[in-house]
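Once you've had a glance at the structure underneath, I'll fire off some questions.
Letters are used for the chains, namely A, B and C, taken in the order the chains are written, and counting of residues starts over at 1 for each.
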């Protein structure tokens, strides 16, 4: 027996009738506002080439680490869902078989945001009317496959159908942004911008760090033998990114450590980093110093800084050796902000012209550190609930633990932060519903007037993100 | 004036009427499923000898550290409720007086799970119809006392009345399991199995560690002068425990540290531990290494591993000196998993044939570390909310913080983990109600279909525990 | 367009109708109980001199660090709201202009307790009928200003109107308590007592520590060249404070570290502290030792100990240099209790004659450390949700995470802990409503009888605070 797939119009709204009614009214106001996506990891090549996506597995499973981490946790080998094992074990190439495995195990995702997102994509994007399960897998595969081959499902058509006002991708300073150039040259009006993610050239522990800097020198013509030359090369590259619409930088460090070293300390640390002889602790210090350098550059060129700290990348050494990065084996760490950010804040924290957007994977920092920091320092704002916490309960905890100290106006709206292009509307819809639900509860509890809640719903959905990211 | 004691049929269900109705339907499905209790601390002697319990104080107060920690916190001396002070202060021996003290202070337990469990025991097991208080203490004492003397209240009769399908006790490797042998020999069909808790022989800081290992040598005939001989003795003892039904081991370490040392490092550390000259840090490392050794043995003999880390045992030195272990003076500690488990996970984490069940007393690890770990590594599963968190709010936080990342299928159902035999049905009932309530809220919010919720309710109550513990 | 300002009679009560009805009944019982305020920072001079307050900005904005931290976070300079910059930048002196800036940015406080408190003050104390905003700022300013000039708005009249039974201020041991003397001499029946906050003379890192001790010697006539003489001076000063009603001491340390050093270690550390040559780590140890000394004195003189640990004071060095202490730049830190309190608890923790009230800014300690500690040690009680967590969601988390392990009777009622005199009734009202709402949910979930809830509502509002603080 197969079950119908419905998206209930009240999904995620509070259960108490009075609050639910308010949530409906608030959501009705904002549900059709355009999507502004200031931070994410979609592939600009899609919008440059505008070719049809190949098949459901390639589009919906293979790029989604939320999906294969769960499957893997239950003993399903990554090869069996088509991931390439570099050490040579053969991997499944039949997309229909991969889709079937996913469908057979779709029950594992009950109660997870992955199921909400996928159901939304199936129902809203592809018109699927029955729940995905072992019996419906084939029919649904065929239906998606047929639609993917049509013009209406080309990347640009979907971008427009999704009502996306702006979409930021994320690139390395070493990227030539050729796809962005193709988009600009094409005359297409869709706004796809880049963002500057310098980890490969500011993190001494990144694969190929020193060679990356050599490549940076080539691209910029700067002499990177000195720290100042290296900084010039970075500043040059930031300008290049701005030509492709970049309004922000992004930094994925293991901790939130910042530093403010003397000129000679900085020089020495840079040379050590380049030599490859740098210790783990010195590498951490160098990354911390580079956050401060980036802030200094931001005061010149206006780029907004995003810090995404506290992730243990590639924790599973076997998976990393066989399948590489971003395979669902990244893990959150306890993350300290009050001491770690002090050097940067002492230098630039009081400057309201600077915008530093902080993220966390450690929810304990919401009420203890992040809200108190953002509720005081003019330069700090708080990014939305991130990654593992980009979920209904995660968003609820975020608002409940942030708002009373930082208010709403030290937050910056929603980030979908995704590689999964088709899930973008689904993710924004979850965020909008959760925000409306949260506001509705404040109104129902008589902590907020409904007038104010309507204004806030628009701010949280649309105005704050445009202001914070200077879009 | 005395107040009636009722157990409302809707207790613990969500307040919103729509969700409450769903919770009722879900609970109705599963409320009569048999109890599977894979981890706990009841005394096997009860089921071996099958003698009547002596009196209400002996049965319901003196073994319950939840009860006397609260009484003690409010200035009631442990001697006054009958605990023996080893340093000689006389202790109360009149069970009726002890019961009266408990009743006089029963208001202290308002809002705690102890009150819910005790009310359930009083009402459901003993038919008590009025709230316990100073005025009702005597009548209730008499009523319980009379019933305890009857055949219907013998341990095996209660086991059957409670609809217990299986109950695991926990024993030291040095235990000869004579009570389990008696149970097996008796022809009684009740299934009482053991579990292997090697702390006394793997923790160098355990009282009598080196003598314990000598005893281990005697029991097994192995030469424990070398690390390999010691491991053989442990493997031998695990086999012995399997004969008495054991399907799991259990490890109560101060942290979740694991290690993967070289053969010579292991040898040296073992000799150091045996010498009694081991430092606190080395002892920690030895325990960590032993978790990895246990995992290796589990791959041979199939035993499931339970890790219960992060408890500061016997924090109150005066209480420990006077009354010994397990007197309500154990305290949770912040517990790190991502770094600490890595050596073990690097070695065995990708093996789906291994099952390691993680517990925590540090709720901050739920969303930050445990759910991300269990939602990736095939060998890891998450135990239920433990000890201080085995409570309605604790269970709610557990599901809210675990589910979105790890799903339901990386969890293992409920553990009652109790010494208080009579409270077992009460505890399972609380867990079942909270799970049904949580599922009902997902259904009411349209995050889960009611069909799926019914299937999940059975899985969370019955199927997952049997699968995870191989029962 | 301006919006009406209403305080809904059901504000903060649960949304589900059954629970809401119970909350109303509970609140109705306790809403008129007198206010007992055992810990706060109002200025005793107000009640001594009983002069009219000068204007709305001086009264409602300039003393409220919750208000100016939020304004500052959004780029509003502290000078522009009248704070004096010691480095010389001119500050706004026109109170009406300051009020206008506040009103223009009042939307920033949406969803924060500041807005709830301010709305209460505006509506209940001053009869304001429209929301504060840029358009209503002037009218509201005039209305408040007029009323402030009347007899009914003098400090003592407000104290009586607010139904305050007792109000504790907080003073340094170096304070001569002249204002308290004036109050006593005046014949006014309002009970304003002091509390003993020895940070300036027990924290070697406090500004002017050694000179402060010299002053202590002068005040007491004790020879402070030895540690024992210093202790005698402190004991002497505690006696002095008791004459002015003090029943408690208060300690604001960066961590919860305690120590129990030998006599010679204590002596040496004291001499080092006095010499000014003490390291940060030794200063921490000295403070920790002094907590243990204070506990010893409390066993003599009966004063209750409050520990407010875990705050990074004056984090923003620029703001500290320009504006001094208490300007909204204090930040919570992760705070450990289990290890840190052990030396003190080993010595005095089992003594039910001692009362130590613990506070935290680190909510992760509620269920992990504080509730288990207070639910065991007779000397420990838990203070209410503090500072950043003195808010509806903060209070809800406090009860949800504390109650199941520590119960209600190891807590001590509410502290308003405020400098903002007019907000005292507002703050107590929020606490009473949240407690009634929490109890109502327990009743609605059938975890608590409504009879017990009524008794608890009175205990949480009135009885527990009087008992814990010996009032």
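A few points about this structure:
Note that in this section a residue touches a chain if its C-beta (ideal position, glycine included) is under 8 Å from a C-beta of that chain, and two chains touch if they have at least 3 such contacts.
From a predicted model like this one, the values you see are computed outputs, not experimental measurements.
In summary, the pair chain B and chain C forms a contact in which the copies contribute largely different residue numbers, shared numbers making up under half of all those used. When chain A is fitted to chain B on its Cα atoms, the angle of the rotation, on a 0 to 180 scale and to the nearest 5, is 120 degrees. Taking the mean of the C-alpha atoms as each chain's centre, chain B and chain C sit 40 Å apart. Shown for chain A are the residues that touch two or more other chains, namely 16, 364. The touching residues of chain C, counted against chain B in their complex, run 14, 16, 18-19, 336, 338-339, 342, 345-346, 349-350, 352, 364, 367-369, 371-378, 380, 400-401, 403-410, 441-442, 444-449, 451-452, 455-456.
Touching chain B in their complex are the following residues of chain A: 3, 7-8, 10-13, 15-16, 69-70, 72-75, 107-113, 116, 131, 312, 315-319, 328-329, 331-334, 361-364, 388-389, 391-394.
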